Every structure is written in C-alpha cells, then in structure tokens.
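Look at the two complexes coming up: subunit A is in both, with subunit B in one and subunit C in the other.
Moving on to the complex of A and B:
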C-alpha cells in the first residue's frame, strides 16, 4: 500500500473526532511549549552562574604557579611577560590579563577588615566584572596608579569614601609585613556585596613595588564567545609547561557542580512531563483503535496487510505529535521572547548570591535543546503508538466483522 | 420516600462502578496518569519541606543561632562601638525565658592574624566557653587539640590554620582596631582547630574567650551579640516575641531569617520554581482526564438516549457521570498517595545522603547548608495539594463533558450507531 495513501487515511481518521484530537494536540502543545520555556529559564540560571564564576576574576582559564591553589600567597608567583606570548592571540581568546593577588588587611581610622588586595592592569580587565562595574569617583588610570578601588559595601563598613586614605597591610616575600597608605580613587558597585567586601584593586606595578617583586600570581584567560574550551586548554598547557593551567570548573567547583546539576534537571523534567503526557496519548490511540475494530477487520478481510495496519496507527500518532510539537515550539518561542528582557529577581538577591546567580534572570534558548525536545517528543509519539498498533494487528477479521 | 431514595442512590453507585469497568484499560490508564502525577508531586514536595527544615537547622547551628539580641544599628552596620552594654546580666535573663534552650554572649572584631611567616585577615569571636555550645555547633566541630582550654588559647578554622601554616601550640598574634580607635592586640596560642565543612566559616573565624577579647580591645564588659537558641525551630517566633517584651529600648532582636536572609530567599526561590513545575504536571494530567471523560460520554450517546427515553432525568445521568469520574480519581489518587507515602515512610527511616548520589556532592551541599543526610518532611498542605487539584479538575471535567447531555435528543440518539 502506498505510503501517501496511508498518510491520507490516517489524517482523515484523526479528524473523525475533531474535539478529541484537538484536546490531545493542545496537551502536547502545552507540554512542549512549557518544557521549552522552563528549559530556557533553567539554562538562563545555569549561564548566569557560569558567567558569575568566570567574571569573578577567574576567566575560563587561569594560569598559576604549581601549588598556588592550595596555598595562595606571594611566594607562589611567577614571571610573565605579556609581550612574550604573541601566539595567544590566535587561540580564540577574547582577552587575557595578569594580576598580583595577596591577602591583606585594610584599615581606616575606624575599622579593620580582611580583603584580597589585587594589582591589576586596568586596561585589560574588560574580561572580568571590573570591566563594567559602576564606579563612583575614578577608575584606575594605569598599571602604575598608586590609588585603590574599593567596593561599596567595604567602604561603608570602613566608614570611608572617595578621596580618603586607608592603610593596607600585607606580607612581602620575606614574610615581613608591608604597610602602606593608599588614597581611594573610586568606589565600585558590584553585583552582590560578597565581591564588594572581598576585593580591593590597585595598579599592578604599584603593588609589585610594595611587595618588592617583579612577578605575578595569576594570568586569567577569557575565550571568545562560542569557542570550545578543551583545545584552547590543550594549547595553553603546552605554552606554559612549567605552570598550572586551571579551568573555571577547577577554581569554582560549586558553580561547576551546579552547572552539571542543571543539565540533569533539564532532562529529568523533560522525562517527567512527557511521562505524564504518555498516559493520555496511549489512552486516546487505543480508543481510536478499539472503536474501529469492525472497520479494521473489514480492511484486513479485503486484503490490507498487517504492516499497513500498524503503519496507520503509528502515522496517526506521529501526525498528532508533529502538529502538537510545531505549535508547541511556536508557543515556547513566544513565551521565550516575552521573557527575553529578563525577569527581575532582585527581591531574592541575597539568596541568589549564595548560589552565584545574578538578580536578573535572562532566559536562554539553545537550538540544540529545541532539537532535543522535538526529537525526543517524536520518539515518544512512536513509543506511545506501539501498544495500540499491537492491539490493532491482533484484530481477527472474522470476529471483528461479526460484531 | 427516603427508603427508595437511598436505594436508588445505592443503585447509582453500583451502576457507576460497573460503567467504570466496561473499559478497564481506559480507566487504568487515566487513573495511572493521576497516580503518576500525585506520587511525584507528593514525594518531591515532601522532600523539599524536609530539606528546608534541615537547611535552617544546619545554618542556624553553624554560627549564628536562632535569635540574636544586638545594638539597634549593629546588624546593618557592624561596628565595634555598637555594643550591648550589660551583656552578661542580660544573657542570664534571656536564658531563663520559657522556650529558650540556651543563650550566650559574643563580642567580635575584625583583625590581622599573623604568625612569624604569614598574615591573614579574620573575624575574632570572643565567646563564653561554657555557654557557647548551647547556641552553636562550633565547639562540636573540633578537629584537633582542645576547645578553648585556657584564657590565652585560640580555637581556629582549619582553612585559616592551613593558610597561616600553623598547628596546635603555635603562637598567633591578633592586631585590630579597638573600641575607641586605638590598636587592639592579643597574643594567643593555638589550642584547637575546628572543621565545620562550610568553607567561609573554616577560612575566616577564630574563637577566643570573651574576657580575653574584651580586655585586649577595650570593650570592658560589653558584647556585640547575645545568641539565643530556641527549643525547636517551630518555637522561634514565640520565643522572639517573648524576648522583644523582655527587652527595653536600645536593643534589637533579630530572627534567623533576618540574620541570614539568603537562606529564607533560597528556600522561597526553590519552592516557587518547583510549584511551577508541579502545576505544569497537574495541568497535563487534567487534560488527559478531560479527554477520557469526553470519550466516555461520546461513546455512550445511544445509551444516554435510551435512559432519557425511558424517563431518567438528565440531572441523574450527570450525577452518575460525576460518580464515575470521582471513583476513577479516587483510585488514581489513592494509588499515587500510597506509593509516595510508602517511599517517604521508608526514606524517613534511612534518609538520603547526597554523597551517595554523586561524588563531591556532600562537600558542595555543606556550602548551601544542606545536611549530609536528608529526610522527607510531613507537610499536610503540600501533600494534599496535588490530589485536591486533580480532584477539582476531575469534577469540573465531568461537569463540562456531561453538559452535552442537554443536547441529546432521545430519538436521534437511539438511531446513532455504537
């Protein structure tokens, strides 16, 4: 029997019970559409966590001295000449920057706090959150700027502000305390007070002078959007043979774990939603077969092959799914575009900071996720038709026609 | 005639029940959908509720306890000079209130912690060594040495000890800003090291006896916080109310959700996003119920026509359909509840350990204050939600589909083919 004829038959059969088919299609639409929207929201959370982890002075990769991560300190520093690595530019890298980072204590006239004192190359910090924070006062003018940037929350705790002086105490390579006064060039507003309380920035050469070293403690590398990580990691490892190249996953294991969990959550929810759908789908298909027992028996009696009977049921299921999925994808896209400007979750900002998320949730819809949802739903449509199709071929022509 | 009325009601139930089993496959598939959704939603929400209690418990026992009494400004702006004056006497009074499991005073100062080789910034907590174990679990997290044996002993976090590269009996110098802006200093010996598993805590805290900190930082007998532990988490609101009444002007009592808003917000985010998913699941199953009931009604056009022709009132037929639908819902919902409740009952004995699900999960969960082993919680509201929603959906669907009865004309209906 010709395939087109079978499709035509199935199509007509579907519309013998218009309302029933429409309800079934609506269910599939709702399922597919909402799975896509939920998926986009989850991906949005996931990406928000990843970007926070990368922005948080990590980059996609960080080059450090061996043993630095277990014992971060000025003793684990290394010399790095940015101009000595022109080949980095061809790796698909958006930018890199070197830093000196030491634990320090900051003191104002009133208060004392523990911080990370970070010497940066101000011009190349566009790869971290520092590149686009709001600053009250001035940004650092260059690597030799002897002033500092402090976070808003820290400035409040220290009861200090732009133009005032504070003292920073840290340790030199010899273990002796180095103490120096600094003028505050600017106060920055980061997402989350945790960052604002943790980091104080100054020019890299001015910090190197204080510590009497000529080395750096880390080089952060940020990839161009869409570039795959592993090959770049491989090339970086070969470039910096006597140093450690770490990924953001190594540096922020919590964020990496949350990232993997989000992947698992997406698939589990898809399976659950589709599981709920399959009950209704099988139910309708079996009913459609059972109410046509006589008719199917007759068709078999006049010579329709078993294969054709099976094909007819499968095609009916697939057509229903295909319509439901197409409309569902359109609904999902509409929902996605409706939410695309982002959802304001600032009422929960502290809770989100705990998980490393930004207070604005921007959904992300990936083509690969849409393809996956569509593909799996079609597979489900096929699965759901197996039992009804079996039921249909078991019909004995004689028995059926006697009814 | 009441007797015949009840007899006919009984008859209705029998007929409805039999109707349900005219197509057992369909009844089971629909009830299966109801059971599936009910079991999942009940199980998951019970675990959510259980994990929230665990989180609150873990987070409050770690450092900050259930309720704190502070200077009115201290929470928003933790400065040395915002103290609670008569700390010790007030602690005694609060400890005596009903529902209070324990109370302890604390003073604190940010300081530079140095050894000969290294220095790091940290938060020094001055605690009453005897009272502190009543309000926090820091003393129980002892990993090495002893918990505050003498006046010049320090009890420090394991990551801080590693960063400073010090061990038991090593010397440690604490330098900070005292109450009036002068230099505050303490020379201490490492008496013990604690490991809570929570990174920030292990990396930044050092405990010293309260008197030692008060002397070194010019605090006199003032403290910054008085921590109060309630007998149980559900008592916190009552106890906080009693504390408010006991305090005069110049104090502020804060509950755990004000001290750690991130915990409560994290719980709210989790709850709301899960509700979205649950409702989606319930809506999908509701659609399946509507479709089933519609098929049932359409198939029986002839039968209904006959019943109408022999004088049955449409309202009675509608009633019978309602009974059929509710019976189907009852089967599905009770199977779903039975599955969920037996799994919950089993897991409330054994619990689920994150470490067993995925490697490294236990370390991660400690950062979010998730306990090592999670137990489901019994929340009647959350458990009743899914069966109740599906029950209402079933009733509405049965009513909606049976409206078709009004359009059935017996003569036409009898002519239709089955």
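Moving on to the complex of A and C:
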C-alpha cells in the first residue's frame, strides 16, 4: 500500500519539471544506447579476432607432441589412429582433423620462399579457413592428392599460377632433405595476405609419403557453437595422456590478449559513460530534493517516516533510470540492427591483419552484456540516489519547514 | 488529570550552544483537557510555536516532560514519534503545506494512505470531509489552482480526516484575509464543538484568540496568564 503511494508521489514529482526530467532521461537513453552499440562493436572485433585465431588452422584445441610448439618440425610427430579416439565424435565437438605440418622451401622458376607445408585431409578442413576459402582452380580431391594449393599472395611472389609446377624442399625425420615437384591445383584467397604467403597445402598421405612417415604433427579440434570449452578440454586431456592439448589462447597469445583487452575496454567504457551520467543524476536529484525541502519536512511532520522519504527519492531515481534504460536499450538494439550487416573496413585491411581482425566488422550483441549494462545502470542509479535521499532526511522537519 | 490530552511539566527548551543559549521555554507547566480549544498567544519569540511543536512531537524538550494522550514523548524513538504524529495529531500549518502534485482530495487522502486505510474507504471519507467543509466541488483541483482560504481549508480537512486526538494549528490565519480567517475559525469551532476535537492554536491574531475557549499568554518563554476566553463568538 505505502509502496504504491510512494511510487505515485515519485512519478508525479518527476513531472514537476518536465523539461529537466526529459533531458535527464534523454541523457540516460543516449548513454545506455551508445554503450550497447559500442559494446556490440567491441564484441564484434573480439569475436572476429577469436574466429580468425581459431580458423587459422588452430581450432579451439590442438593436440601436439610435447615440445612441438618450441621446436615445430617432423621430429615432433606422433602416431594417430582415429578409431582409437571415439571421444572426438562426442558431444560438443563440431569437427576435428589431423595434419602434417613442416617448414619447407617452395621454389618456382623465378623465386624461392619459406613456407609452412601442410598435409591435410581435404574433406575435414571445414573446421578451418580452408573449408570456405575462395579458390581459383581446383580444391584438393583427397588425402592422396599430390597437387598443392598456394595462396594468392604467394603465387604472385613466385610469379606462378594454376597448373604450373613448383618444387618443395623439406627435411625428413632423419635430417636429410626431401624434395618433390608439385603441380598447383588451385590458388586460394584468404582473409589476410600473411596467411596466403604462409601456407601451402597438399593431401596428407602425399606429404607423409614424401617424409616417409606414418604419423601426424597435429590434431585440430573445433567446438560446436555455444559449447563451453573447459569440459571438452578436460576430456581431451584425459584421452591424449602422452600428448599436449593446447587451447587457441596458448597457440595465439596475442589474439588471446586482445580478447581480454576487449573485455576490459567494454567495462572501462561503461564506467566512464555511466560515471559521468551518475554525476548528472546526483546533481539533478540533489536539486530536486532541495527545491522541495519544505514539502519533505512537512511530510515527515505529518507522520511519514525517514525511511519512506528516502524510499521516495530512491524510487524517483529508479523510475528515471528505468525509463532511460528501457528506451536506451531500444535505441541500442536499433543501432545494432542498423549495423548488423557489418561495417566494411577493407580500407584498413593491412592494419587489421596485424590485429587478427577480418576486414568486415560484424557487431555482436550478447544477452548477457545487455543484462549486465541494465543491471549495473540500475545499481548505479540506486547508489546515486542514496546521497540526495540522505540529504533529504538529514534536516529536521521543523528546520525544513522554516526554509 | 486523566482527561488531559496534553500534559507538559517543567518544559524547558534551549536553542543554540552553551556560549549563546536562547531559552525559548523556561520550565513551563501546561495542560490541555479533552475537547478544549486553547489559543497560545504572545509576541514573536515568546515561545508559543516552540510549545506547539513540542506538543506535536516535532521537537524535543531540553528538560521536562511532554505527555500526549498518555504517551510520554521523550520515551519515543524517532519512528515512534512519526507514528504518534500520524495517528494522533493533526497539523495545520501557516503556509498550508499541501502537496502540490496531488489534488485536493488526494491531499486529504494522503494521511490515510500512510495509515494503510482501504482505498475505497479513504476516498469516501476524504470526499465526505471535503463536502462538510464546503469543498465538495474543488476536490480534483491541485493546490496551485486554489485560493489561500481554500488551501487552508483543505489543510484542515487533511488534519481532521483521521479523527486525531489533537489538532495543532500554527498561525493558521497568518496568510488569510479577515473574511477568510473568520470562515476558517467558524470551521475550527464546528470541528471542536461537533466532533469534540481538542485544538491547540499558536497565534498572535486577536480574532483567533477570541474564538478559542481558553487563552494562554506566553512571554519570554514563560506562561504569563492562562484564562478562559470571555465569550467565544457563536457560529450561529
């Protein structure tokens, strides 16, 4: 009953100074809306970096031989029999693939370059960028395909193209050189030229034959969208006891750091914007309280308790915040949907490649972020109202009525 | 003494600090019987408003005791005092002090809302009191749309709608012209006589003093005289 009364009073008090209240609500709307849109853009950047890192032949997890990351090479290969690991087809795993990856030198008639020579199972590479990359020419037909795929940028450097032959030289397990000629099946266009220059692909069996081994250097695992990583990591670690199971964060520490920085940036931006807003809110509430200090004194004189007066001021603040936040969320959603098709950043693609971002920024708005912004805004609104409310009851009713 | 609604014994109220004390009341003994209309009179600074505020539980004495309807006020906490003011005392202030965002009828209902009265009942009682005070047709207007006299009558309606034990009026006629003052006093007399409400009024207005059944004159914080009014004017 009393709560209804307080809400009624607070609501009407808000509209005593209609313009002031509307300006305050507008400010809250803009702050909440802009925080949500920026949040969505930052999350888009964050996820772009994460997806690039995962797509970049890492997956969410990679199984490698101990010491492989410090000294990657064919000496750190291991035997892998898929039938011995049925858990790779279990819940939470979208797909997996095994690869052989060795450092190599590629030589055309005109140029020579250092590359990563990767033997793949073509049909399983839908878990990496190779699965949906644009190819001029043909994709690899199978694990025993002896042709290769080279990146567009590398092909330009080597001054070669589809159908031409190149020579790849690498080192075998015994330390001796292994050399073979390969015909280029296709030239792929990846997101960044760095990838195009780095990777040359062939069928895994073909590369194993060249190296005279029956082993792989990595097994890459990709999670189903929305599945939490730690339980799957735990399962994989228990399965591959003699091997290292590494996360994408271990494999791409720079991207992982950027990922964490994005989290921090979201929080800092929120605190800056809402902090500035809260000062305005406190100022407005103090003004509103001092303007009607006589009335508040009278309310206490006729029997309203201190707590009810405090509650009245707090409710005023919360109503203002609730309206501002609600409209702000709608504004934020409108902004998000307006940008949902993505922002073309291809003009900055070279710079973006260094950060691991794609040239198209697609905003991502997470429900948990919206809940967090709304919750924290309400909490800040509540805290901001405590000081004005305390001022309202600090003065005795008689003193208040004499003013 | 058991029929005293107000019983003050040795009440002293000192404002300011030890260096420059202001003695607003100095050992006042003062009682008000049920159904009495007492006017506290005296020049500015005599202590009449201070005594009224002490009786209303809006202030606490420096020394002495104040008992209202059997409750010793110095024993009550802040919130218990609020409850006492809410349930036993009606206030009429010099500056009306209506809530500007509420209509006249909502202002009258307000205290009943604080008391938790059922919505239908409080609306009925508020309209009934407004009607009795001749304000039946302005119930939906807000204070800003009412004259000073109408606002003061709404304030009286707010003060009496809960049937308080005691009605305290602090300079109720200060902002009213003579004709409106007479109307207000006639209203207070009706409330006093017909409803039996005990009234204490602080005033320096001779017209108000003339309407009370008892006149207590204060000077320099002491009671100088305490006598029944000669012959209060009739409402008739």
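The definition used in the following text is that the second predicted complex is superposed on the first by the 401 of 403 C-alpha atoms of A that agree within 3 Å, B and C clash if a C-alpha of one lies under 4 Å from a C-alpha of the other, contacts with A are read in each partner's own complex, and residues count from 1 in each chain.
Definition applied: contacts are C-beta pairs under 8 Å (C-beta built on N, C-alpha and C of every residue); 3 or more make two chains touch, one makes a residue touch a chain.
Here the structure is a predicted model, which means the values were calculated and not measured.
Participant: Applying the touch criterion given at the start, work out whether A:183 contacts subunit B, subunit C, both or neither, answering first, second, both or neither.
Facilitator: neither
Participant: With the two complexes superposed on chain A, say which partner A:12 touches: subunit B (first), subunit C (second), both, or neither.
Facilitator: The answer is second: A:12 touches subunit C but not subunit B.
Participant: Would you check which partner chain A:394 touches, where first means subunit B only, second means subunit C only, and both and neither mean what they say?
Facilitator: A:394: touches no partner chain.
Participant: More subunit A residues touched by subunit B or by subunit C?
Facilitator: Between subunit B and subunit C, B touches the greater number of residues in subunit A.
Participant: Have a look at where A:234 lands relative to subunit B and subunit C in the superposition and call it first, second, both or neither.
Facilitator: neither
Participant: Which partner does A:171 reach: the first (subunit B), the second (subunit C), both, or neither?
Facilitator: First partner only, subunit B.
Participant: Within their complex, state which residues of subunit A touch subunit B.
Facilitator: That would be residues 17, 19-20, 23-24, 26-27, 30-31, 34, 38, 71-73, 103-107, 109-115, 156-157, 159, 169-171, 175, 177, 253-254, 257-258, 269, 272-273, 275-277, 279-280, 282-284, 286-287, 291, 345, 347-355 of subunit A.
Participant: Can you list the subunit B residues touching subunit A in their complex?
Facilitator: 25-26, 29-30, 32-33, 36-37, 40, 77-80, 109-112, 114, 116-123, 162-163, 165, 175-177, 181, 204, 261-269, 276-277, 280-281, 283-285, 287-288, 290-292, 294-295, 298-299, 360-361, 363-364, 367-368
Participant: Quick check on the complex: what are the subunit C residues that touch subunit A?
Facilitator: My answer: residues 53, 56, 58-59, 78-79, 82-83, 85-87, 91, 93, 95, 97, 99-102, 110-111, 113-114, 116, 158.
Participant: Which residues of subunit A touch subunit C in the complex?
Facilitator: Against subunit C, the touching part of subunit A is residues 1-2, 5, 9, 12-13, 15-16, 294-295, 298-308, 396-398, 401.
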